[in-house]
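Just so it is clear, A, B, C, D and E label the chains in written order, and each chain counts residues from 1 on its own.
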Amino acid sequence: MSDTITRPIDRSHMQVSDEVAIDIRNMNKWYGSFHVLRDIDLTVHRGERIVIAGPSGSGKSTLIRCINRLEEHQSGHIVVDGIELTNDIKNIDKVRSEVGMVFQHFNLFPHLTVLENCTLAPIWVRKVPRRQAEETAMRFLEKVKIPEQASKYPGQLSGGQQQRVAIARSLCMQPKIMLFDEPTSALDPEMIKEVLDTMIELAEEGMTMICVTHEMGFAQAVANRVIFMDQGQIVEQNEPREFFNNPKSERTKLFLSQILGH
Amino acid sequence: DTLADVKARGELNCGVNTGLVGFAAPDANGNWTGFDVDICKAVAAAVLGDPSKVKYVPTTGQTRFTALSSGEVDILARNSTWTFSRDTDLKLDFVGVNYYDGQGFMVRKDLGVTSAKELDGATICIQTGTTTELNLADYFKANNMAYQPVNIDSNAEGEQQYMAGACDAYTTDASGLAATRAAFADPENHIILPEIISKEPLGPAVRHGDSNWGDVARWTLYALIAAEEYGITSKNIEELSKSSQNPEVQRLLGVTDDLGAMIGLDKDWAKRAILASGNYGEIFAANIGEQTPIGLARGLNAQWTQGGLMYAMPFR
Amino acid sequence: MSDTHAQTVPFVRDTMLPAAEPPIREAGAVRWLRENLFSGPVNTVLTILGVLVVWFLVSHFWDWFAHSVWNAGSLSECRQIIAERWGEGARGACWAVIRERWNQYTYGFYPSELYWRPTMAFGLLFLALAPVLFSEAPGIRRIVLGTTTVLTLGLMVALGAPAAWLVFAAVVLIGGLVISERQVSLLLVFSILYPLMGVWFLWGGSAWGPIMVLVGPVLGWIAWRVLHPVSSLVAIIAALVIPLLWWIGYAGEAARDAEGILSLSIPAVASDRFGGFLLSITIGIAGIALSLPLGIVLALARRSDMFLVKSLAVIFIEFIRGVPLIALLFVASLLLNYFLPPGTNFDIILRVIIMVTLFSAAYMAEVIRGGLAALPKGQYEAADALGLDYWKAQRLIVLPQALKISIPGIVSTFIGMFKDTTLVTFVGLYDPLKSMSDAVRASTSWKGIYWEPYIFVGFIFFLICFGMSRYSMYLERRLARDHR
Amino acid sequence: MTDMSAPANPPFRPSMLIYDRRYRSMTFQVIVFILVMALAWWLVNNTIRNLAALGKDFNFGFLWQRAGYDIPQTPIPYTSDDTHFRAAVVGLLNTLIVSILGCIAATFVGIIAGVARLSNNWLIARLMTVYVEAFRNVPLLLWILIVFAVFTEIMPPPNAFRGDDPAASMILFDHVALTNRYTAIPTLAMTNDPGSLDLGARITFNWATIAFVLVLIGGWFVRRMIGAWAQRVQDQTGSRPTTWWMSLAVMTVPSLLLIWFFGLHFEAPELRGFNFAGGLNVQNGLVALWLALTLYTGAFIAEIVRAGILAVSRGQSEAAFALGLRPGRTMNLVILPQALRVIIPPLISQYLNLMKNSSLAIAVGYMDIKGTLGGTTLNQTGRELESIVLMMGVYLVLSLIISAGMNVFNSRVKLKER
Amino acid sequence: MSDTITRPIDRSHMQVSDEVAIDIRNMNKWYGSFHVLRDIDLTVHRGERIVIAGPSGSGKSTLIRCINRLEEHQSGHIVVDGIELTNDIKNIDKVRSEVGMVFQHFNLFPHLTVLENCTLAPIWVRKVPRRQAEETAMRFLEKVKIPEQASKYPGQLSGGQQQRVAIARSLCMQPKIMLFDEPTSALDPEMIKEVLDTMIELAEEGMTMICVTHEMGFAQAVANRVIFMDQGQIVEQNEPREFFNNPKSERTKLFLSQILGH
């Protein structure tokens, strides 16, 4: 499936700054007595684009869901944009409005139009006037190339369009960081490309991104770093070319052979 | 303090039957009329000066005493029998008797029964939640007879059952029987058996523990009875209050002595009460007397001077 | 081994066959009869049985219905007319009782010169419901509102409503119709104000009462606006406490004072004059309007992860659902006064409404809980990820969807509750079914009439409930379509 | 989990009561708890003050006083000399009788109507639709009154059976008389009465009854054993022996023997005096209530059954047909087991509703627990608080028992999924 | 998707005999007044593997459902294994126990375990002793490579596993003919392969199969004949190589261009 990325990518804006966007130290998480995440250490710099890969059940989703506190971690520290994630609701709210998230199943609000989906959070969380929120929303809908769908309901759109709306919805909060959890895996092959293109465009603009995906073409094209997880641990991380051509650990090799051979 | 409450409210809450022709029933427009209703009117007239300032609260056999004790009604004028346990255990105070009644039976003529003693094995309709239920059980037990009760929760339903022949006899207070029979299309085909199996002194009741209010109710009732005794009617009352030389009448109508002040009312309280719907005799005649479809004779309810039991305590 | 066999001659069709008519036994009435009535021995027997049942019913009841009398003053007159028209011994229905007591069945003992008031209140109710019930079906909404407007105004004229109020009703209804064509959501304001308005129309008295009640939330909102920048906690507490204090402390007094300054009174009608369908509908509507919010709160509480809150909700719901409504009504009429401070004594209708509300709120909570459970978890997560807090997420994301899913359940709860309003007869209120019919039968002219009042009342209930259940089916179908 | 280095807990600040997720829910619960307790205290306090003002107390002693009223239909011996408590028990038993009979009959009616509504016979399906809609959209109270009225207005009074040329006659070989008061049905009598087992409190069971119950239970067990045997044979040889005649014999023969042994026979009711005697007179109140509850609840059950069958997708029966299963087997092995999972939970809540609705017995004078404890007893003693609390408690316990049964069932049949 | 068939196929057993397994002559079917199947003529020999393709609504499903009488035809003749399909219940039963069918949505019985699903029909229709039925079932479950799932419930399996159970369930009746109605179209891509492999294995054993599918790779690999239907008629049939490389009718060409271009 690596052939989905077709056009040459402009990497001119994709520079990584020294500022730390996310800092995870020694983080552990359990579900009951099941140890899902073990001693995760990860620093993400502003402007970095990270792809997380790994077998099913390895804890990829859990990791990124910890970053905006959809899941609570039990030990260690997560600092996002300088704010430590604790049980303090104010901090959580602040982090969540800095971090956008796109889910595998889009999770659009079916009872609201596309435009309303996009303006909801700016209006109610950021307290932006409606007029202005709608203008911003239209701008982002244009960016994801579906401004003409603004007044439709999500149920009337195709999967790829829905996912792009989901991306626009997150962008409307003008987040500093975007998290993607397998954004293309629920889509039909033709639609995958639409969504990946949108994501590449974002990457070109220098957005800090963490993306769980098995689209290796995408990883090679845009990622600064690929992280491979297994059994709740980060097994290997490297820049993409090295990662694909010259994996270090046995597990990674096995995984890559399955993914690419398929 | 009920009296003060009523005055402050400007309205008397009076508990009445949900519908018993002659005693208390709403017409198609919701205007209440009847023997018990007139008691309410008299009390309202005495206390508030206006017989129309009454809110009628229809109560079923089951809800009536609670309505009173919970304060939902100020006075219960709903053909309720004065008994020991009601007076004591139920914490009611009966203020007097406005109708001396007794429980009787009504049967169809073609049943060929002439005495209640012949009702062994019969099916009998009774209204639940009344003393009739207890009297009936006692009577058949005492006479060593069996019966099948049909417990019905409203008077109308009971009549319906009886008319359809679902019971051989219908039992309730004799007055009620008469009222029911009078309303039948064929009253001549039904007879009321001679036996009266219980004493049913019916009277208005108030809450236990508020003697002032009890006094107001009691003496309003007596004022109506006494008025009849002294010949005061709603027609001649104005004239009598000016001309009567009878000291008792003068006291009653507030010409001399201010009896009203002693129960927290003004001078003219009794006059207004009588004016509301007339004296006891007038009320009786208008609602249930022989001229009405119900056609009850005065009987026990005649003045003591006429050989009846109606006896107002002296106004002094 | 050859795997291309001689049989697999290539075949190409050059001309397409046109569609042909089906054979005769596959079409028309024959097919219909064969498939629907006589498709086997068992079915044939069933069909014959069914025909027999229908025949039995018709032959036994037809003459009774056919011999209907609509115009008579009493039962005996009715019987006389029947005997005259259809011969001695003929049976017949005497609908004259309905004709004569029509107003009593509809309005109870409401003062006849004020009949127009409940009529208007009922008409405006549809305007208040339109943006909720028919929000996404402009066609149906137009028909409903148009019919309501014409009927309400017509009836009001017929009932002799004062000209000023006729103008008022006309302005509101026609204005509502116009607004609903432009932007339905604006009508929601009317929907929110309607309960107080409806109460005022029905019970009358000073308009200042409802207005002062309304002032409570306004004060709360102002307090919240003012205090929010200082501290959101204080703001929330103030927004909750100030309206309460206002209602308990000053609202009554303020209403009296205002009335003194500027009288806005219409004649008051006491609760004991309510009866018949007016009573049923009043209790029903009040019950649904109050039980819905309470049901939502209970449902949210039951799904909460706070142990105490959840257990309280469970206990309450299971308790209410475990006892018969009639027992609760007896509590309302016999016990409620025990539970309140000595000396309080409030309207039996209000008490019944409270109990009916609690009762249907428990059922409503279960219905809404079902709706909440049907929402995918992703919706909650997406709301969280966007930074919406609990209440905002509930209000903007969860409830709008959950309620929509639950509407069929809510409607059937309402049907059940509306039917149950007949039970108020056991606490001495004049419901249309038993008390009112008993009252009618207690009069000399209609003594002994049995079936007609029951059939009439049953028919009206059927119309209303059947209408509602059809509405909920329509909604179910529409929702099924909306959800892809 | 021992190795987890907990994040350095920030020191406690009061603002954390609101802003810290862990404390916030606690704060909220404490507030709710205080409010609820305050409300409860307020209610109880009011009640105490009100009772004191009225000079009443809260005391269940009245239950042991003489009741003084009669009850038309008593499943256990009862006279007006018995206590209010016994009257309440009679009422409870009456509630249970009508509820259980109602549940059984409503299930039958509901299943038949529900299946008939799905029938491809147009006429039957339409008739059932009319039935279901009529009962679901009209208040139950009205149906009770109408059914009751049908009995009182249309059935003949007992004395119509009198005379040489009676206006009415008994049905079923002169054994059953339908009257406008009751249905007189024959009682069972024995020539060799074995006497009764006395349980005290004047509650007795005839030994013959006990013998029948035991024989039936035994027969049922033997039947199950036969079933298990048939299953074993099928597992081993593939073909299942026909067992219906064995089951039938096991269920009937011992009972027939007992009937012969005890000399069991019907004793037909007979008109004596005003009423039928010698048989059992089943009050019309009971019959009307039972019938109305049955038809009303049956309409709801019909919808549940229909929905349950529709919930099993067509693919299931097609798959079964494609495997060569006959329609009957398909119903038994594939459709019903799946439909029942869908049907039974709402079915049981209908049972609950029926039990609660039986409190409308008051409308037809059938003395259930609402009629005795919550009606006449309450009224004669004026103990409304105690009576109603007790009565609600009884209903609550009954409901909880039923819904506990439902929960057990639900957790047992839950489909296993990923 | 033609790349799903990877391994070389052993065609040694796949010989077609002269015996006729299914003979359809002049068959017509209407739904109400809608003419779904028009003059169908089709002879299938024992051991033949036929793939039916065609646009949606062309009557493919209806055709194969007529073969085991899940639908009734209104004119013409269908003879299966020498038995004519009429309204005679005995004939229908006989035919149904000779013909296995696998549905698009598996239609497993969710209240029975996998093993019970497989033994139900043998026990109740074929009257096989349970022991023996279970042994057979385990054999076929092994063949479809999921013997370890025997005691699970269908709801606990993935789509691919469920479809393989459905195949095993049909096989347990030891049918002479298998019908497949789009057996893979409800599956995720990874699972398609599992199911197709199972079907190829069956084909290699010489089972007579009729398969409605759009998996052209499968058709090319195993089919003796591809039948193209449109508007309720058989428009073209040919051996696979010819069919794909050299379609004769315009409709077929159009259809193939859509399917393969995709």
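One rule holds for everything that comes next: contacts are C-beta pairs under 8 Å (C-beta built on N, C-alpha and C of every residue); 3 or more make two chains touch, one makes a residue touch a chain.
Since this is a predicted model, take the numbers as computed values, not measurements.
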Exercise for review: Name, by label, each chain that touches both members of the pair chain B and chain C.
Suggested key: D
Point to revise | Innermost chain, taking as reference the mean of every protein Cα atom displayed | key: C
Practice item. Please identify which chain has its centre, taken as the mean of its CA atoms, farthest from the centre of chain D. Key: A
Check your understanding: By count of C-beta pairs in contact, what is the leading chain pair?
Key -> C-D
Check your understanding: Going by the average position of its CA atoms, which chain sits the greatest distance from chain B?
Key -> E
Check your understanding: So, what's the distance in Å between the C-alpha centres of chain E and chain C?
Key -> 53
**Study point:** Centroid distance [mean C-alpha coordinates] between chain D and chain B, Å
**Key:** 43
Check your understanding: Using CA atom averages as chain centres, what separation in Å is found between chain B and chain E?
Key -> 89
Exercise for review: Name the residues of chain A that each touch 2 or more other chains.
Suggested key: 89
Study note, to complete from the structure: Among all residues of chain D, those touching at least two other chains are 50, 53, 153, 362-363, 378, 384
Check your understanding: Touching two or more other chains, which residues of chain B qualify?
Key -> 66, 70, 153, 160
Check your understanding: Okay, in this complex, where on chain A does chain D touch?
Key -> 26, 28, 30, 33, 74-77, 86-90, 92
**Study point:** chain B-facing residues of chain D, complex
**Key:** 50, 53-56, 68-72, 80, 152-153, 157, 159, 180-182, 272-275, 277, 281, 283-285, 362-363, 365, 367, 371, 375-376, 378-382, 384
Practice item. Spell out the part of chain C that touches chain D in their complex, as residue ranges. Key: 35-37, 39, 43, 46-47, 50-51, 53-54, 233, 305-309, 312, 318-319, 321-327, 330-331, 334-335, 337-342, 415, 419-420, 422-423, 425-426, 433-434, 450-451, 454, 457-458, 461-462, 465-466, 469
Revision key, fill the gap. So, in the complex, the side of chain A touching chain C is made of residues 68, 70, 89, 93, 96-97, 99-101, 103, 105, 107-111, 120-121, 124-125, 153, 155, 169-170, 173
**Study point:** Footprint of chain A on chain C - complex, ascending
**Key:** 376, 378-379, 381-382, 384-389, 392, 396-397, 400-401, 404, 482-484
